[in-house]
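The following pair of complexes shares a single chain, subunit A, combined with subunit B in the former and subunit C in the latter.
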Partner chain A sequence: MESGGFDFHIVFHSIPFLAKGMGLTLLLTVLGIAGGLVFGTVLALARLAPFKVLSFAAGTYVNFFRSMPLILVIFWFYFLVPLVLGQEIGAFQSVLIAFIMFEAAYYCEIMRAGIQSVRVGQAYAGEALGLTYPQNMRYVVLPQAFRNMIPILVSQAIVLFQDTALVYVVGLSDFLYSADIIANSENRLMEMYITVAIVYFALCSWGQFQVRNLQKKFAHE
Partner chain B sequence: MNETKDTTSTDGVGIIQMRHVSKWYGDFQVLANCTTSVDKGEVVVICGPSGSGKSTLIKVINGLEPFQEGTITFNGISVGDRTTNLPKLRSQIGMVFQNFELFPHISIMQNIKLAQMKVLGREDNQARNRSMELLERVGLTDQRDKFPAQLSGGQQQRVAIARGLAMDPMAMLFDEPTSALDPEMINEVLDVMTELAKEGMTMMVVSHEMGFAKRVADRVIFMDQGRIVEDATKDDFFGTPRGDRAQLFLSKILHH
Partner chain C sequence: MMRGALRVGLSVVVLLGLTGCAGDFRYNWQWSILTCTSENIDAGCIGPYFYWILQGLWWTIAVASAAWVIAFSLGSVIGILRTLDKPILVVVPFVKSPIYFRTRWIGTSKGIITVDVGWFLHGFANIYVTVFRNVPLLVQLFLWYFVFPELVPHDAGMWLKRDLPFPEVSTAIFCLGLYTASRVAEQVRAGINSISRGQQYAAMAIGLTPVQVYRYVLLPVSFRIIIPPLTSDFLGVFKNSSLALTIGVLELTAMTRQIEEYSYAGFEAFTAATVLYIGVTAIVMGAMRIVEARVRIPGMISLQAK
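And now, the complex of A and B:
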């Protein structure tokens, strides 16, 4: 096998394998965002709740996870949770739970800022009409909060998309790890790493472009 | 000072009754021993210098702001009672805010429909019909599919009034409904309110529009430093010599 010069044929040959890796990367990203968003919203509502115990617990959770490196959280769920539960939960499930728990802490803070960005008069108006607190949140406050937050939520999603590359530590073949396997087995490090960089760059740039579009769209309304 | 009219008494006739209501923000007293009542069909205008507590006075009536002392009842139900179902009570009291507070993320039609469906449990077409009636009444049927930001301030405030009326409330509270409007839009809002008053709606209106007060108010309340300083019939309020503070205030707002 020659090692001199660039040979991008290997990239085309490995497209099916890389696509499978990208599938895992996207799946982890989408599920991580969805789960993180749901759990993060619950945490944010708890943080803003008038019950001290609830807001303290949510606040502690957020501060704790925001102080931890993501890779450490991944290690915990992979190595420690099976010890506690007494059974394996599988690499995919363990990293997914780690991502959701970790991202939720960040989404919570984004949501909290988003909810607080909605004018208090809006909540008054909903209350004055007779909406209950949950109805007011559901129909008046949260939709506006989400809208204010969309750009930063998408930015956070892009960060998670990149962070999913960390799953190689538990042996999951995401996009980067798949490329890495080929790079090493075929001794085509440069070609594969350049390809990976281009793909990450293209997808993240597309994401940022969408963020700017959304910002413009909302600025018009 | 208000023996002239029995509507200011507190013996059980008023739909809104406040007795000795006091409220503090920390050490600062915003409402001091306020007592008044409003009868069914009565229109009461509340005026006074800024920071006198007039907005707070109407926000405690539907429990948007808590109060620490005294009692308030609306249609016989105690507002401050912990067991009172506040959302249900509020659904019977319409409220219009200084900054309109239409919901910016949904259409005009949806703004008026939302609480009808979620609070009163009306069906979609029922709510839509009622909304159309009210939009017609405030002259804005052609704006129904627009979003609030696409309407002028005066139009938004008329929608806000329609949104309040859609709940078929027993009374309407107005918190400086024209203060945020450009001068040329004030009348379109006051006209809607005047018509409402003539139809017999019970109204409490925080406003400096003394022309409106002279036209439609039954009573005028003047507040200063959290106290109800004057509570008199319209004719008494504008006719007879008032306390120094009220006189000074009136002279200031009537002369520009």
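And now, the complex of A and C:
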């Protein structure tokens, strides 16, 4: 590098800009988790439902998205959403839809494992009490399933947080892309990329630490 | 496997149908551009799109396979290191200590200084997995491609920038391999830890050395147990290889993007890529199911259940 040596001043000067990028990353993560969870739960219920057509459709959906790379999914939706809606809605919305659709497939598999981890006797007991299928799910199975799943759901949230860096390919100013803009305009690639790596590492390690605490907490009970 | 292929085919048809019906979706499909084998403006071919896709598929398979070789070998070693729980003492030669001291990794016994190499190896493996799992792959790719050549000594950096054959592809393979190794290591560790302790004690009781315990008892069983999660990691390498497009590797996804830019027929190209990725997934899953059945140990319940 022509300028030579490390110069982390540029990092301090660009903190407001980077913070804005991190805001977008976190917003995308939170909305992606929320949407993915809701849609993933619906998919999991459909997959375990006693109707063949429903479970087949949900299974197909999950296998389809799980065999596609996220970048390709982002490209698909980036071009597809405006066409389907017939109007431009901006990159953020397109990417968010892509994330929700993609992550839902993974959340569905986690949910399914969680629901199946609830002992069959519980569901039978619910039925014996005269609960309908939706009531049984709502009051007996799902509350217990969610408890079992919490650590792995948080792990998946960390994965999603890391995956949001891929919006780089459509030029959305998330944390990585903001840093990239400064890195290239100031010719400070080294400092910016190392900073980005450290920030991601710190946040994800903190998340992992929480996962371990949760696992310990649930193992004791 | 036939049923699997049928399912994949059906799902593609269903999803394409859904996309076609959704909203007032008006798109002029031009499937013929996928068959472009040469430049032919009249037929809408600005480039040999057909060969571009094949080339992209080739690079995807090449990058993913090469990365998997690194990931599997390195990941196995690191996973094994993470399960070491006994000290591996190495005597420091020629140096004697007049005083007695003992810490977790170094200590004395009758004046001889011993270092616990196992503690270092175990620690290294733990740090490796933590670091590589907690930084997004895309950031790692940029670090290897843009930052790493600046950090190494000047001559080595120059060699990386100038003389490394296929610089983008080599970096992508290396980066993807090291990243996936951390995931493989976690699976290997989980596999070894899932074997009951009794097996290990029995192996030690009949006089096997620690290396033999791993070689003949722990590893043969644990690698069989982790075939399903390793399969999904292997498929993960294929999917993650698409990130290499950001540093200029023309793999499958990059090629479809290029076709989109040339022809404005993006959906046709994306569809082709989607079908190819699903095809690769189906083939790998089918092959791994055969491997799993082939290597099954008769009478092992945990394997039959899966």
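Details
Criterion: the second predicted complex is superposed on the first by the 217 of 221 C-alpha atoms of A that agree within 3 Å, B and C clash if a C-alpha of one lies under 4 Å from a C-alpha of the other, contacts with A are read in each partner's own complex, and residues count from 1 in each chain.
Simple rule for what comes next: contacts are C-beta pairs under 8 Å (C-beta built on N, C-alpha and C of every residue); 3 or more make two chains touch, one makes a residue touch a chain.
Here the structure is a predicted model, which is why all the values come from computation and not from measurement.
In the superposed model, A:Val196 lies in contact with subunit C only, and not with subunit B.
In the superposition on chain A, A:Gln210 makes contact with neither subunit B nor subunit C. Within the superposed three-chain model, A:Leu70 lies in touch with subunit C and out of touch with subunit B [touch as defined at top]. Shared-chain residue A:Tyr168: touches subunit C; no touch with subunit B.
Set against each other, subunit B and subunit C differ in how many residues of subunit A they touch, and the higher count belongs to C. When the two structures are aligned on the shared chain, A:Val140 is found in touch with subunit B, with no touch to subunit C. When the shared chain is aligned, subunit C comes close enough to touch A:Gly86, but subunit B does not. Once the two complexes are overlaid on the shared chain, A:Gln116 sits clear of subunit B and of subunit C alike. Contacts of subunit A with subunit B, set against its contacts with subunit C after fitting on chain A, share not one residue. Contact residues of subunit C toward subunit A in the complex are 7-8, 10-12, 14-15, 19, 22-27, 130-131, 133-140, 142-143, 146-147, 150-151, 235, 238-243, 245-246, 253, 256-257, 260, 266-267, 270, 273-274, 277-278, 280-282.
On the side of subunit A, the complex with subunit C involves touching residues 1, 57, 60-61, 63-64, 67-72, 75-76, 79-80, 83-86, 158, 162-163, 165-166, 168-169, 176, 180, 189-190, 193-194, 196-197, 200-201, 204-205, 208. Of all the residues in subunit A, the ones that touch subunit B in their complex are 119, 121-122, 124-132, 135, 139-140, 143-144, 147, 221. Within the complex formed with subunit A, the subunit B residues making contact are 59, 62, 64, 87-95, 97, 99, 101-106, 114-115, 118-119, 147, 149, 163-164, 167.
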